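To keep things simple, chains are lettered A, B, C and D as they appear, and every chain counts its residues starting from 1.
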């Protein structure tokens, strides 16, 4: 087996840029997905029954099919219904729609954990709906939903690899190129493992730190 | 999109289900062992457990599969495609399931085990009669999620030469050049399989309610 | 997990990989092994029509016929190992199979790492467009338009070089694979796909209502060939395959197969020693 | 057996028991004999170490120093010839501990087993009885606590008082010689404490040796034969209810009764 370490050095700047793209798409999509997931969960719990049914279909279809296929249909099938997206927006939107379904399930569990009595207490004190969400719902469920949110963020980080299929110039797209250009597939494999493991460990460490911080806040309040 | 193409997809999904089911079961057993290691008082055992979980959760499954398929033969252990696929998927899901179970085991109240201890149940009996059933029941929703994840992730085992549902859709679209209907059909088949799995787990959850209302 | 442990385990992985590769260097001679087992194992991807593809559930194509002849001549049985393209070369390196079908366009860069067999087809590039698109009638019409091409492929080099010769440059879009590029051509994001004529002729033939080939081809002459290892213990095997293929070419069997799968026979050289790319 | 002897051999004999968690010593050199066939109540303020003391007698906590003899046999640790404190084998610990049953504040019923399952589990797995025999004996115990009609209910379907009675039945099924109760009514609604206390009363009437950590001073005063008062990890008082509660009272006890008890109970004593 041949293993050319110099190849890796020569790729430095490209890999740096690709890491940037991966992180940007991942963070952007995660942010949108969390907001989307929150509103989906909120709509399902407190909205009308028909909305719950419609959102349920969204959640189940997204969770029941592979992300690769969803993204392929969105990007290459979209234009046939008039939805033409550039690669990076398509990747961002696809990842956000995918993550939103999972985040909504996390928030659903979070909402269920808040006793109705606490919300009723807020109503009695004359808080409006927005205040109840901001001042009661969100703070109370934070500790419970933080660990699964961090977990899901890690899953999404690894799913960004799929974006290569719609030509987003992220890590997998760039690294696998050294495979097809120089036929250095083994080096590519090794690099992929290193980069994703490193990023995931980083994300996990930051996530745990954030969890610890949030739970401290809760205790001191 | 002809009936013949759809039939080929359905045949290929047989492998998807076969490999996923075996991997989930093996992963559950191995995951139990790994989570026990992580909870153990031996520091080196706990560290080994943590590294296992870190690696198999942190690196892409694609790379893990390629390593198993291509590195083991160099060490003189030639693994056939099917074995590599099952081993790779099992190790990966074991890491995720170990984390789930760790949470489940930790959340079994210590008092339940003290009660068992007072009644003279051996540590082994305490684990299998009290701790494991409760932890498993508590993590059943997570196991359902993980099973669906694995059914979807099994599309990657094509990289070691097993033609499952996604790969068949890709192969067929590379000769018919009608990817959209083929991928939509594959998505539909995944949805049906995962719907059945989700229903099965709901049933299991309901039959192990132990009187606790939903 | 702390950073130190992470670095440590990474270092261990590197050492292990190095040790494994050293171990893999020392092997039995490949030809002897193939003869002894009576089996030639060939790795390939089945998403590369008309070379290797799935038709009615069966693996067929030019490569299947060609390797059938090669194995017959060498007096061994044939065994296919079917993998996605990203799994093919790791498989070759780890000895999962003896040679790769593919084929791949012969380039200088690739010759540094692998040994090519005698070429099996002309891989001169041409353009594929949407059926009835009157804005692309000849290759030079793509100046200023978006053209899709496989990432890091030999065709990418070709279209880039060609773009330089045009008054308005081509907007080259890179795709992870040809099939994604075809899908995007159908979706309308790009005006054409640049690929070997052999491949796109087949695409147009399969979906005549959707696609159409833009003739004539352009760019420099290039050829595609099967790929094997350069290691010393593979030299005899590659020599044997090379001799066998030249025999099949010499007696006209290869031309017949080319006619069957590509619709025409190619005039290919016996070996490509100094590729244009 | 021996009518001449006024003081029967103690069921549990504690000597010089200390317990520390890290740097903090929570029990300081406690000596106490638990008389057989009698009810001993451990009382004291929160944090006085009474629960820890009880858990030491169950060997759920390991004492840092000191010895505990259960019917004359050392529990957990013994002195060897040279006076060194040595840990006994798990087998031996289990044997000695099998004479002791325990009830917890949180009941600790296993949620995945019915009431009958909870009571019969140890009969099957520890005593190795056949399923039929185990369930028959378990049923008899449930009958004793008045819950035979609830045999097939899961803990989540029972009230707190019923759960605690199942827990008592579970402990009694193994026929222990001594029963330890760790605040058995503390997590119950007031109207449910009665049914549990009644079961404990009838158990006392049957002559069971009992050690009860409780805030139910009324129960302590009326049922207990002995009261032990712990404060800051020390055994301050140890005697009959009349001795302990009667006037003049120890100043700390007076303070405790004032601070920790509802007036109604304090009136009783």
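By definition in this document, a contact is a pair of C-beta atoms (placed from the backbone, for glycine too) under 8 Å apart; a residue touches a chain by one contact, two chains touch by 3 or more.
The model shown is predicted, which means the values in this text are computed figures rather than measured ones.
Undergrad: Most remote chain relative to chain D, going by C-alpha centroids?
TA: That would be chain C.
Undergrad: Counting in whole Å, what is the centre-to-centre distance of chain A and chain C, each centre being its mean C-alpha position?
TA: Centre-to-centre distance between chain A and chain C: 36 Å.
Undergrad: Would you mind pulling out the distance in Å between where the CA atoms of chain C average out and where those of chain D do?
TA: Each chain's C-alpha centroid was found; their separation is 80 Å.
Undergrad: Just give me the whole-number Å value for how far the CA centre of chain A lies from that of chain B.
TA: Using C-alpha averages as centres, the distance is 21 Å.
Undergrad: Give me the residue numbers in chain D that touch at least two other chains, ranges are fine.
TA: As it turns out, chain D has no residue touching two or more other chains.
Undergrad: Among the residues of chain A, which are close enough to touch at least two other chains?
TA: 1, 72, 76-77, 80, 189, 193, 197, 201, 204
Undergrad: Pull out every residue in chain B that's touching 2 or more other chains.
TA: Residues 54-55, 62, 66, 74, 179-180 of chain B each touch two or more of the other chains.
Undergrad: Should the pattern of chain-chain touching be classed as line, ring, star, complete or other?
TA: Shape of the chain contacts: other, as it matches none of the listed patterns.
Undergrad: Go ahead and list every pair of chains that touch.
TA: A-B, A-C, B-C, B-D
Undergrad: Could you list, by residue number, the parts of chain C that touch chain B in their complex?
TA: 1, 5-6, 9, 17, 20-21, 23-24, 46-49, 53-57, 81-84, 86-87, 90-91, 93-96, 179, 182-183, 203, 206-207, 210-211
Undergrad: How about chain A: which of its residues touch chain B in the complex?
TA: 1, 60-61, 63-70, 72-73, 76-77, 80, 154, 158, 161, 172, 189, 192-193, 196-197, 200-201, 204
Undergrad: Mind listing the chain B positions that touch chain A in their complex?
TA: Within the complex, chain B touches chain A at residues 54-55, 57-60, 62-63, 66-67, 74, 148, 152-153, 155, 166, 169, 179-180, 183-184, 186-187, 190-191, 194-195, 198.
Undergrad: Hey, which residues of chain C end up touching chain A in the complex?
TA: For chain C paired with chain A, touching residues are 1, 3, 6, 10, 13, 17-18, 20-21, 24-25, 85-86, 88-90, 93-94, 104, 109-110, 112-114, 150-153, 173-176, 180, 183-184, 186-189, 227.
Undergrad: In the complex of these two chains, what residues of chain A are touching chain C?
TA: Within the complex, chain A contacts chain C at residues 1-3, 72, 75-80, 84, 164-167, 173, 176-186, 189-190, 193-194, 197-198, 201, 204-205.
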